[in-house]
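The same subunit A turns up in both complexes below, where it pairs with subunit B and then with subunit C.
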Partner chain A sequence: MKNQNTVFFVRKEFAPSRPAPASTVGVLGWIRNNLFSTPFNSLLTVVVGGLGAWSIWGALDWLIFNAVWVGGNEACKANPNGACWTFIGTRFDQFVYGFYEKPERWRVDLVILVLFVGVFWTGWEKAPARRWAGGFMLILFPWIAWGMLYGGIFGLPIVETSQWGGFILTLVVSLIGIIVSLPLGILLALGRRSNMPIINSTCVFFIEFWRGVPLITILFMAAYVLPLFFPTGMNFDQLLRALIGFAFFAAAYMAEVVRGGLQSLDKGQYEAADSLGLSYWKSMRLIILPQALKAVIPGIVNTFIGLFKDTTLVLIIGLLDLLGMVHAAIADPNWSIRSVPTTGYAFVAITFFTFCYGMSRYSRFIEDKLNTGHQR
Partner chain B sequence: MKKLFLSCLSIALLGGIAIAGGHEKGTLAAVKSKGHIQCGVSQGLPGFSNPDDQGNWSGLDVDYCRAMSAAVFGDANKVKYTPLSARARFEALRSGEIDVLARNTTWTMQRDATLGLEFVGVNYYDGQGFMVRKTLGVSSAMELDGASACTNTGTTTELNLTDFFRANGMQFELVAFERADEVVAAYDAGRCDVYTTDRSGLAAQRTKLSNPDDHKVLPEIISKEPLGPVVRQDDPQWADLARWTLNAMINAEEMGINSGNVDSKRSDSNPAVKRLMGTEGDLHEAIGVNNDWAYNIVKQVGNYGEVYERHVGANTPLQLGRGGTVNDLWTNGGLIYAPPVR
Partner chain C sequence: MTERAATTSILNNSEFRRILYQLLIAALLIYLGWSIVENTIANMEARDIRTGFGFLNETAGFSIMMSLVPYEPGNTYGRVFIVGLLNTLLVAGVGVVLATIVGFLVGVMRLSQNWVVSHLANIYVEIFRNVPLLLQILFWYTAVLKPLPGPRQVFERNTEIYFGISNRGITGPEFILLENFSFTTWTILLGILFTIGMHRWSKHRQAATGQQFPVVFVGLGLIIGLPILIFLLSGAPIEFTPAKMGRFNLSGGITIIPEFLAVLLALALYTAAFIAEIVRAGIQAINYGQTEASRALGLRNGTTLKMVIIPQAMRIIIPPLTSQYLNLTKNSALAAAIAYPDLVATFAGTALNQNGQALETLAITMTVYLSLSLLTSAFMNWFNSRVKLVER
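What follows is the complex of A and B.
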């Protein structure tokens, strides 16, 4: 018989928890689990990592470390194995303004400044009078900007659109496309779902026509075939014709994106709106469209980004956008150096990426903000 | 329904064509009233038309447009440029978007006879050539049997190349790219033995090679590419003005008139010079310009030789020396020849 007083060990507190084995936690553990879990994976990691590091190093070396930053074309001729940023530096004004008259370039600067301030004002949630800023940017700004750029108002001299070019042209074409295509696309989508046969068939015809023709064809027709049908002496601006083509083309795509959103809504939403006694426009504005548009934000932004990149196609109608300007500048025999074309294209790629990625991030931000349980 | 739509469409099209058919006002009058010449140029061809560092268009074709402006307005700067792709150039001219096309356009029978256009002369005689590495040990294009050739897609260069090899019973492998930069990069990287394009293009791209001195241009020229300005066929007066602008530049060179001495040449006693300088005769009236039209061309733009040397000559990066080539004056054994002003 055991002694009654024998006291078994009773633990009163938890043993201090020890850290997990070093090999399974932290950076090391993550690396071990994800990159080197099997010999084959280890091999894959080494090979892919090596290739990645090698190409990134090569790109950085070419773009930055070995690049020519100062001097003229002679400096680039002396070092053909690195990017020739002096080419971009010398031609920067051309790439931004195209052939816009030099004394009038402050107008472009002003428009770009207002544009960026306006976009940030509208985009930043805590800004005061945000609604007014948004309304101004969407409704008034395009007209004011056109007036500023083209001239003829406030006593500004006219700068023909044939002299526009470079980045400002890219901005004008894509922004007009974006601003026009969204409302027009929404109207077309609503029209396509309408029960009224004339509205319905008009919208279907419009969408299918503009969506069924390649953008290049539309631009070509707008630029060179339409004038053949005009009476002699009647003519309207070539850029304007291209802009209309762009906007309609984008609107047709936008309509289908929005229609997707409309169709994703439960029938009950429509019925609920009807049972509240709301008129058609009120039910659309207050119940249907807010939900439908929210559901298709990625699709809308996708169309915007596509539109932004499609602006380079104005090249075929004799307008030089950013890419076209770089393309033309490369042909200067004084800059006929091996590194110049690649540098030019790298510059264009970086610019386009910055803007497209910006748009994409903003769309993610809006999605997160409006996320009320629909995100999957 | 479909029938109705189709008939509506065709009526609309016919109506449009009928209206567009009648150009009542001449091009010259239209140009004078709008105050500038709209000139179609290349979207960037070294030495022919490209924007310079100051953002002005510059080149052989560009200077032709400036010469026309000098003839019409007495001011070489009243030109606006429309950079055109090869595809769009003829449509742009026919639709009236541009007044004259100076875009290194090859004069061919098909283009002249079927497009409703008129070539007014030749401002550069180009031709397709070959560039090879010196290490290839080839001295003639006839030795290129079995070679791989880099060139641009969809241009006459590709067709000329095929014709040349077929005519000589030789085999070749085509390596074609969309853009000149890609072609030259591929050739530089050793993807092909031969780089073929127009001679002026070879000269322009050569400086982009890693070691330009390791390459040479073969003597053969396998195609005729007479490049010249083009106008619409429906306006003979404008075509004459375009033609004599070019002829005036060539005649001025032949008579030794250049932008430096043109002021003194105005009082020259030589009757041919007097007729060109407009101090004698009234031929300028027939083409609708002032009598100092040729003076303004030479004074503000230069004669043909000056323009050539400025943009593509031996002292430019293109280094297309003129002596002994077809682009020299006829008096020096070349093909640059202009009918007399009389």
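What follows is the complex of A and C.
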């Protein structure tokens, strides 16, 4: 009992911490945790990873390493196991401008340049006068671009829309769809939430109709039936009719997205706007829409992406957009080589992928920025 | 006094304004509708276009390369409509099944702990989602299936072919079910019924006693194993007639045309990318506390997924999933681009070009798609109200 105190051992200092086991840290640990944690996981890694590596390597080999970059169609005939990029090279102008007259192509270049500068300016948060750039792009630019492309203003010679084609047509169709669909979609969404029965049911009918039918049938309708609806003698060209159909289709989809935003707002916001004595339009413009639209920016961008992809459908009614141009060029007997169709489609796919993926990354970025909290 | 009159002006009465706005809109709509009808009638008369649906009973006179019901060029436009509709429903139905399987697989892969698996699934989703569907259809058709060697290069002359792939599509034998096959059919039906009953019984038993019953294995045995046994016992009552390679061409057998395959592949793979995203989002939306709670109860990973996560995730997944199915059905109209004989290609395409009655033809076509989407949204509303969280 007496010497009990002396047998107690009290450690005075902390034991030095040992490093984590080598198998759990560093590259090795990461590999072990993420790739080979269980037998099943290891099997999965080997099988799926092997398949993935094999197909990615095959695609890269075909697209880049084994591809034909210089020479004419003879070079492509000689090498059937690689992409034939010279085909794209020789037809590139046609893929971008369609049949737009050569001396007038600077107009297209200018429009595309302004478009890209404008979009980046509007999209880049820290840009000065961003609001003005956005307003310009949404309100003034479409008219100027149409004037530049079609001609007839500033003494520019007229280029008929039947000569438009390729990438520029893709841009025109998608931009018109996007620019018309936003304001029209907002109006339709507001109408759908209105408590006036006639306005409400009109909007519901309009939205459900355009969303319920495939875009192709709408384009067929625009091509064959729409001319019958207008007074005799009044006729639009093929492109304009397709644009009308496309814009309505786009507006219906946009309306549903905007409606989602309107519904997500707390009722208190509406009541607060009312209690301030704001008129309907003022409360919408100052209180409701800024919040609602902000909440659905990802949805709006997703709709844009969908519309951009859907522009390819105009080829079915005979308008040659980028895909249509490439599809038509593939049929050229001089280029009837095994690798040409795949190369052509790969070119279009890469173009669309770049734009769509870029847009979706941007929307993800905005989403992350607006999404504060609630994240695990 | 005049000021008061101004503030109580009838124009400031909200009830009056509501009615006024609606009357204005209604008048505008009526005017628009009336002028469209007027113009259409005038234009049709001027261009000598027939009206009415009488054309449905007229002879179509063109052949269709694939039909599920007997069809020959002497049949009517009404028959063409049926053939096209069935072809649309076929490609959409098979596409939905395929897209669901691939989509769920990829969606689960994206959530995998395995870095390789989740990133490959991500690459798949991004590539297929960001490339236009029409391009994918054209790619499968023009770049993959059409350049395959022709039957004369693939098959030797006068051989019987049980399975073969050429630029004519996939060729297989035709089969006839003999009389005895009905035993197998009945066994399958009984097996399904038994399995449903067993599932209920085992659920009750588990709730009462906690004992589990291997429903999946026994069920698979009943639905697949037993019928195979009966099939073999009854003398394998199925007769195959293989396709035959003649001098120039294939004859007999069943051929799945490349147009169908191209549309099916493109639709399924494209939609699967969206379904994968829906599945991932649905599973991720379940609060992590649910997983933690079920771990705390001692449930294993598989049981957690089956009993806790998936039932809740389904509530989130099903509504967007149905709208993807609907999109797939509407997108199947793109088959017209490669002349797969669906509703749009045959009825709103060839038939329309022949008889020139665009208004009626397109109205019928649009009505079909419209009713499909209304049916789908009706289902969605019903489902939503069924699984809605019952909140206090």
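A few points about this structure:
The criterion applied here is as follows: the second predicted complex is superposed on the first by the 344 of 376 C-alpha atoms of A that agree within 3 Å, B and C clash if a C-alpha of one lies under 4 Å from a C-alpha of the other, contacts with A are read in each partner's own complex, and residues count from 1 in each chain.
Going forward, a contact is a pair of C-beta atoms (placed from the backbone, for glycine too) under 8 Å apart; a residue touches a chain by one contact, two chains touch by 3 or more.
Small disclaimer: the values here were computed from a predicted structure and weren't measured.
With subunit A as the common reference for superposition, the partners subunit B and subunit C occupy clashing space.
Shared-chain residue A:Q163: touches subunit B; no touch with subunit C. In the superposition on chain A, A:F99 makes contact with subunit B only, not with subunit C. In the superposed pair of complexes, A:S181 makes contact with neither subunit B nor subunit C. Contact with neither subunit B nor subunit C is seen for A:T303 once the two complexes are overlaid on the shared chain. In the superposition on chain A, contact of A:V213 is made with subunit C only, not with subunit B. After overlaying the two complexes on the shared chain, residue contacts for A:T122 are found with neither subunit B nor subunit C. Judged by the touch definition given at the top, the superposed model places A:A349 against subunit C, while subunit B stays out of reach. In the superposed model, A:L35 lies in contact with subunit C only, and not with subunit B. Look at A:M196: by the touch rule set out above, it reaches subunit C but stays clear of subunit B.
After the shared chain A is superposed, the part of subunit C among 152-160, 188-196, 296-304 or 368-376 that runs into subunit B is 152-160, by C-alpha clashes. Shared contact residues on subunit A (touching subunit B in one structure, subunit C in the other): 220, 224-225, 227-232, 315-316, 327, 330, 338, 341. The residues of subunit B lying in touch with subunit A in their complex are 12-13, 16-17, 19-20, 22-25, 38, 40, 42-47, 49-53, 55, 58, 80-85, 87-88, 91-92, 94-97, 181, 188, 204-205, 207-210, 311, 316-318.
Subunit A contributes residues 80, 90-91, 93-94, 97, 99, 102, 160, 162-163, 220, 223-225, 227-233, 238, 315-318, 320, 324-325, 327-334, 336-338, 340-341 to its touches with subunit B in the complex. Subunit A makes touch with subunit C in their complex at residues 34-35, 37, 41, 44-45, 48-49, 52, 56, 196-199, 202, 208-209, 211-217, 220-221, 224-225, 227-232, 305, 309-310, 312-313, 315-316, 323, 327, 330, 338, 341-342, 345, 348-349, 352-353, 356-357, 360, 376. Within the complex formed with subunit A, the residues of subunit C that make contact are 18, 21-22, 25-26, 29, 35-36, 39-40, 42-44, 46, 109, 112-117, 120, 123, 126-127, 129-135, 138-139, 142-144, 147, 288, 330-331, 333-334, 336-337, 344, 348, 352, 358-359, 362, 365-366, 369-370, 372-374.
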